[in-house]
Amino acid sequence: MLYALMGLGLSLITGILNIPNFAHGALFAVGAYLLVSAVNAIGNFWIGLLVAPLGVALLGLAIEYAGIRRLYAAGHDYQLLFTFGLSLILAEGIILIWGPVGISQLPPPLLRGGVDLGFTFYPKYRLFVMVVAGLLVLLTWLFLEKTRYGAIMRAGIENKEMVSLLGIDIQRLFTVAFALGAYLAGIAGALTAPIRGLSPGMGVDMLGIAFVVVALGGLGNLLGAIAAGLIIGVAQALVAAYWTEASTVVIFAVMAAVLLVRPQGLFGIR
Amino acid sequence: MRDLLKHPVFLLAAAVILLPLAVRPAIASEIWIFAMFGLGLNLILGYTGLLSFGQSTFFGSAAYVAGWLLKHYGINVVFALGIGAGVGALSAAVVGYLCVQRSGLYFIMLTFALNQMFYFIAYQWTTVTGGEDGMPGVPRPALFGIDFKDPLTYYAFVSLLFLVSLWVMKRIVESPLGKILQAIRENEVRAQAVGYNAARFKLLAFVIGGAFSGVAGVLYAMLFGIVPLEAIGFVTSGNVVFATLIGGSGSLYGPVIGSFVFIWLSESVSTLWARWPLLLGVAFVIVVLFLRGGVVEAWTRFWTWRSSKQKA
Amino acid sequence: MKQIKRRDILILGALGAAGLGFPAIIRAQSKEIVILGLWDQTGAFADVGPLNDRGMKMALEERGMQILGRPIKYITRDGGTQAGTSTRRAEEAIDGEGARFMIGPWSSGVALAVSEVAKRKKVLHFFSGGTEDISGARCHRYSFQWAASPYTAAKTVVDNFMKANPKAKRWHLLVADYAFGWSLEKYVKEVGKNHGLEFVGADRHPLGEREFSNYVQKAAANRPDAVAMINFGGDAVAGAREIFNFGLTPKIPLIMCWSSGVEELIQLTPEIRENLWVGSNFYYTADTPVAKEFVKNYRAKFGTAPGYAPSAAYSMTRLMLAGFDKAKSAEVQDVIKALEGIEVNDLLGRMRVDPATHQTLRPYFFLRCKGKAQMKDPLDLADVIATGDTPLPKEYAACKDIGSF
């Protein structure tokens, strides 16, 4: 489910802005760390969970404003270099602010411990994450499908010129899209924090998986990204139960296999 | 004498001879190895216009395979280099085949994702690759009676191979193949219309670039006596892209300059501040926002500005 | 175009000659003894490096930064917790700074790679790590191991745990998928046989794992009397937390067979530490004169009790310096020969270096963690309830020949 969140956010950014956002993983990490600081400062996990992703969205806004918007015409290599450089700055910044040590963050007292599902014990917090992430995905999808602005965003993925010809401020669209993508990454990170623990490099692995999800779902296809995220998550869990070592490799192998057969991804249209 | 100075080959030869006086031979070797790696990338990036963000796949795979054979089967150096080129080319063919059908953003993401796949395979296959700890114990066998254990001797070997690879790359880019690749970069549709199978040529560029990267990988493994996991990681991929861009992807020598700048930066700064990747990231950002053409462009802009000042 | 080429080359030349700056010539400082501390400032063990540095510096400063009447030059290098970077930095320090003695790095896998450099460059190398290879299959004349043999650890942990919990016969093992994990697992099972233990399950997890829910579910399904973890650092912390989240502890005891001590325990809450039994290479309440003095000085200087990391660095440095004293020489080979068979009463108590394997034979500590009510201060996490120093039996020793110089 988390993979779907990350994939959705990245798909939004790559689809609308047509930029390889190599900082997406770093945004994920920042979300997690902001959660820890928020919880330490405010003392309440729930408020922290609300606040942290907003912080990341703000960061996304700043990044878009200060840098990305200058690079729309620049060509992918420079966009890549920029976001890659950004990811380095963010990761090192995390180390400077929070230290290089791994931190741990406990779930809120309400969600500690496990639930006896009969056939197995399952941690309460993980159930919570599944539900919340699922809700978020649903909400985002509803926003994109059912609201007018969402429709504009989807149109923007399809055909930017047409949208701007229709008199819609394409720059604002881009900014919102980036901020929204950043928000999704941030909340994915914040939700993950109590599960995996934090470390400055936590964004890197997530980045690769996010790219796989987007590629698998088809570039620019938001629903595809969601579906791909779920598929990948399930595949990984299944493999992990039998052949733990291969569980991460499987993600990429699935992507490679699908792309051999269908180069445009499972649901891609381009 | 002035004419001689204009000739890049002479200057390169001079650089090759003078470098070990300024830095340790090991670092000097690393510079040429990285430059060779960059040459391979630049065929794909600068000349064909494809941003391959997974070059370390070929570099690392070749290093692992050749390293394994050197360590356990005691093959000789020539064979190892051949294996390196072969593995590099083969892995590039596989990756290239999957990727060239896509373009733009898709292409970049795919090269990255496939790079990650190879990385995780290397990470998990600890019995062969050593996983996180790398594959230590890669020997540096003698060739034709010359003992390479001495860093300076090895440096001579490496720099010679580099000059050869540079010459080869020069011939490639000046050949019809090079022109076709550039045509594809400029306007793929038109090139296709004129009858060139763009996908096949892109794949060819990949394979050749992969071969260069592979040879560089083997030399790297022999230089440090170890194949570290990072050799196949995305940071290495990013580094070579950065080095090439900062040197200027528009020229044959761009990757060479970029390699100098990059290795110098990383070696000197990293011993001073542990957080040096931050500076690297800032450097990336600055280069992208202000110095697109890399060092070469910055330099020419500086000279143009200066000469215009002089005129005024 | 020609103009640009010339400028390129000018840049090349300028950079090449002026900027690149490490002198290729070793500065001839014949009086100084250069000692290298390979302590990570970046990467997975970035938090440990500075701690190691503290311990090593303290040991050197105790001697006034000199030995045998000659000044000591202490240099550090960041290996980045990576084999590639560490070996390169080590070589650079050896070639460029004239380092002849190295201590570190912290990661045992990386240390094995560095020890190859030591062998190739003929410099003395001391490190502390969970691998038994360096005193086993990959032993050679130039490297020494400080950490206890996994066998010693297993014996100390299992014997003493069973003394306190004679009825806990069904064990589930959670093992890091790493050479050190496999060794320790092997010995725990060996020693366990003598106690009639039944190993109802054993799972391996990759190093750096943080997602333990699957493993814990499997453990719970086996209904063990005790869960033993064979891992360390972040893995151990994450595992302990997950085991607690699932409700396994504190009902059944959790054993951390090889722990860093304070550094890991402090990351857990008192609730998680309930019914937690820990085996460690060092704990700061160790009852030896050297330890007491060290802890006192460390507390005064840094405001907190020392964990395993600085203590290991401190002890290794002291042991190495004892080698200098005994050899009355600063030549690498003389110090090595002096270390072989040396016996000191130092930080851990009675410590000896086995000449055949270069393994340090010394006590291993077994602790029981305290519940919240028994903690007298925030760092009063556990009590040392036993130590053990049974060395690895000869039939298991994989080091058949330590080799020559």
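Residue numbering begins at 1 within each chain, and the chains themselves are lettered A, B and C in the order written.
The rule we apply is simple: a residue touches a chain if its C-beta (ideal position, glycine included) is under 8 Å from a C-beta of that chain, and two chains touch if they have at least 3 such contacts.
As the structure is a computational prediction, the values presented were derived from the model and not from experiment.
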Practice prompt. Please flag the chain sitting at the greatest distance from chain A, going by CA centroids.
Written response: C
Response to the item:
Contact tally winner between A-B and A-C is A-B
Item to complete: Please compute the C-alpha centroid of chain A, do the same for chain C, then give the distance between them in whole Å.
Response: 37
Practice prompt. Could you tell me the distance, in whole angstrom, between the mean C-alpha positions of chain A and chain B?
Written response: 31
Worksheet entry | Where chain B touches two or more other chains at once, by residue number | 124, 275
Worksheet item: Which residues of chain A are in contact with two or more other chains?
Response: 95, 245
Discussion item. Using the touch definition from the top, which residues of chain C touch two or more other chains?
Written reply: 41-42, 46, 177, 206
Discussion item. Residue numbers of chain B touching chain A in their complex, please.
Written reply: 45, 51, 53, 98, 101-102, 104-106, 108-110, 112-114, 116-117, 120-121, 124, 234, 238, 241-242, 245, 249, 275, 277-278, 280-285, 287-289, 292
Discussion item. Per the contact definition, I'd like the list of chain B residues that touch chain C in the complex.
Written reply: 5-6, 8, 11-12, 14-15, 18-27, 124, 126, 130-134, 136-137, 151, 224-226, 228-231, 251, 253, 256-257, 260-261, 264, 267-268, 270-271, 274-275, 295-296, 299-300, 303
Practice prompt. Enumerate the contact residues on chain A facing chain B in the complex.
Written response: 14, 18-20, 22, 67, 70-71, 74, 76-82, 84-89, 91-93, 95-96, 204, 208, 211-212, 214-215, 219, 245-246, 248-249, 252-253, 255-256, 259-260, 263
Worksheet item: For chain C, which residues count as touching chain A in their complex?
Response: 41-42, 44, 46-47, 177, 204-206, 210-211, 213-214, 217, 220-221, 234, 237-238, 241-242, 245-247, 267, 269
Practice prompt. Would you pull the chain C residues touching chain B in the complex into a rising list?
Written response: 2-9, 11-13, 15-22, 24, 41-42, 46, 77-78, 82-85, 87-89, 91-92, 95-96, 107, 109-110, 112-113, 116-117, 120, 177, 206-207
